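Chain naming follows the written order as A, B, C and D, and within any one chain the residues start at number 1.
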């Protein structure tokens, strides 16, 4: 029996004629080739793909999302992701379409004194949203950093508590920027996050390096408030960024909960 | 040395005079007494509490969030959570304040034929947002259900794939409604979700019950699209609900990813 | 149609006559009343319950596990959990039975200088294993602590990196001990873990307290190796403990991975 | 200041002279090139690496684990992982060493009727343990499958509940086998799991395929007990397997908990 002979009940009339904002597949893991300014790298990603559905159609065709994904996963960049979203919108005859992809990515980091190199892992995300008169892409990087508490340093005779913190920067970009050479990249978000913290994080440090980052963090204490503000200040003056949200979450070493702060650009 | 003599560097001037939307504590686990229409129940919750910070202050006082939490956790309802948020805003002299709490909750369910009872677990969430001229509360319930695929049933000579689905309903309520007797409750959201699915889920079913729910699901096949629409239709006409978002995620038994759909009320 | 008339295909003969070590239910969330030395507390737990199945029976009766759980969850202690496991073994006519339960629990902690109090959350676990000639119970506590690196302190002119660490202690106890007054308790495991770390963790600290714990940690630097050894030494000489495993995982503030160590008692 | 001049306090004498079973790094994400029988594929992995520590040494040298990892991650197979573990043991002058690596991997699957292809994701794991007189490697695959309940089918007039299940097979192999051509591979474990279930899972199915897998599952109902037994029977007679554990967890569509079973080979 061929597909043509089977009834397509997705095409029937819905009981409640209400438009659906998003319908599609979620939590689909797929290998990708990610294009970063630092070069191409292979990683394993998790995708959600969706379209809008009018009040007249009962269901979407789920298999088409997976077919679309198979097509572009061999080269994932801002450009290819937006192009795939536009293609998805057209293939499913929808008003709007969106793709969301989350993945770990890796950058080579050189230890500050020994200069020995190893990869550090970051969490990346790209979201698109394409409609009849809009087309946007948001890049997100979650960056581990060292944070040292200014209050603890100030009030104690010696020492100061430090901890791992996570900086999450979401940066929306514009269509024009995406297609120019000078568009913002996940590697830029990593640099901006690391510069605002007490110290960057490394995978591989020898003793001379550990000495260096210990004193660097002690010399640059920063509250979550200080870090989000420094990053918001930087992003506000970056012409490649159309809008942003920055969040810092310190996994406090003296508590079992986090200190956190968030600044969103005015909308 | 007393607190009075220690420097309060949170009160110093920030390097970047930028207002912060949210600053506070995150991921703080605390036991609560939850008030539902079905009665009070004890559970373990996870809290985030935050305030806004003006461009003139360097840092907030993190310990006050935990003090506030200790005060109201013995009775958590829409009313007490809003009151605590207002109190937090005042105690921290902030423009706005918010509380977010996530917890499992449990409802007694009677098996459809044997009538044997056991508790089913749901995920609940309550969010508040209080500002100079606003005060809102959003209730969220994540409800496990049985879903059976209408397409699979239609195109196959026998059988139809079914799976566990999760319905997530967010319902914003208004101040007036919260303080009236007739406000919407997490238990209402559970009922709305279960009614729209192919069948409700139970913890304890004897063979006569399993026979019943197997045939009930086969008799009521539903796509994710059907379920979100039925719920959106219901919520749209509910005068207790000021706005909503409804999401259904079916953990497809024939795939390793989910089918999902979301409808948000017009804003 | 009553249960009696429905076929019970669990009782049929299995295709492959192989005995099954464990079969039952997993990931079942249920509210419990937990009995600790510090008193009774309500919390939300996650259960696995299982029995062994002989090579002659095709399937177990899943609903009986949930019925058993409903019976004893109103009072969960070493004694009630072992009794329930024995009951389960009998009711399901099995050679062996086991129950595993995981839950957050909370202890009141007094800040070291201000003496202000708040609850700290810990992760607890209890496992039973009952067979024809054995009956054992293992208690596990996962305890957040502050750790400060001795190497970083030694090699740096000032400062030393610190971070949140998690100590996990598993302690097997004997039947005789469980039923005596002097049996070991989750609260004992928490104290043992906190004493071995650079400093305990608190939910609520005022500035005088933060000064205290900052200097306490700097005065007691400890590697993961130091902490597991101190705890192993303590547990080895504790007559209430029949066997143990201790694991420490420091969420390094200078890396995005953990330093960890584990000691198991000789078996 | 060079490393040579900095004190090495890891080499000092421990306060408690107790040997440590495992000490090292945990939760380290790194990109790998994975070698499977189906070819080489790039993915993102999470590593734990450890060695034993004698009672005379205070601490291990954490940076050496990361250096070792950088060396072999460009080609991860049973052979290279065992060789790296042996190297780690030697470089850290330890009695024993172990490596644990977890990663998603992907296999091309052809839909049963349309023959359209797409990748399905599986979770893989490899563990090594090398000591003075032992050297072992365990492969683990977690495989999503479709399961359909035999009881529900038997007792109902029509329909039968189905759900996604996860089969986890751990297979220990021997040194001789690893270095021969005929050693077992993660792809073998996937096939064994899929063959024992009601139906395999696919990422991409057209309507003709959905019809096929719906009826296939209805024709091959299987309890968790049936599936673990079929797989245990298969593994028991496989000369490449020195020992095994097989676990099946069905995410029941009529409950919010799982049905599960486990068989371990006699040790």
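We adopt the following convention: a residue touches a chain if its C-beta (ideal position, glycine included) is under 8 Å from a C-beta of that chain, and two chains touch if they have at least 3 such contacts.
If you're wondering where the values come from, they're calculated on a predicted model, not measured in any experiment.
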| item | value |
| --- | --- |
| Joint neighbours of chain D and chain C, given as chain labels | A, B |
| More contacts between chains, A-D or A-C | A-C |
| Chain A-chain C separation of Cα centroids, rounded to whole Å | 35 |
| Geometric centre distance via CA averages, chain B-chain A, whole Å | 25 |
| Intercentroid distance (Cα basis), chain D paired with chain A, Å | 28 |
| Junction residues of chain C, two or more chains touched | 6, 28-29, 121, 151, 155, 203, 205, 207, 211, 255-257 |
| Complex contacts: residues of chain C adjacent to chain B | 1-3, 6, 8, 28-31, 41-44, 63, 66-67, 70, 103-104, 106, 114, 116, 118-119, 121, 203-208, 211 |
| Touching residues (chain side chain A, partner chain C) in the complex | 120-121, 144, 146-148, 151-152, 155-164, 199, 201-203, 205, 207, 210-211, 213-215, 217-218, 251-257 |
| Sites on chain D touched by chain C in the complex | 6-7, 9-10, 14-16, 18-29, 48, 50, 53, 58-60, 62, 150-151, 154-155, 223-226, 228-230, 232-233, 249, 255-264 |
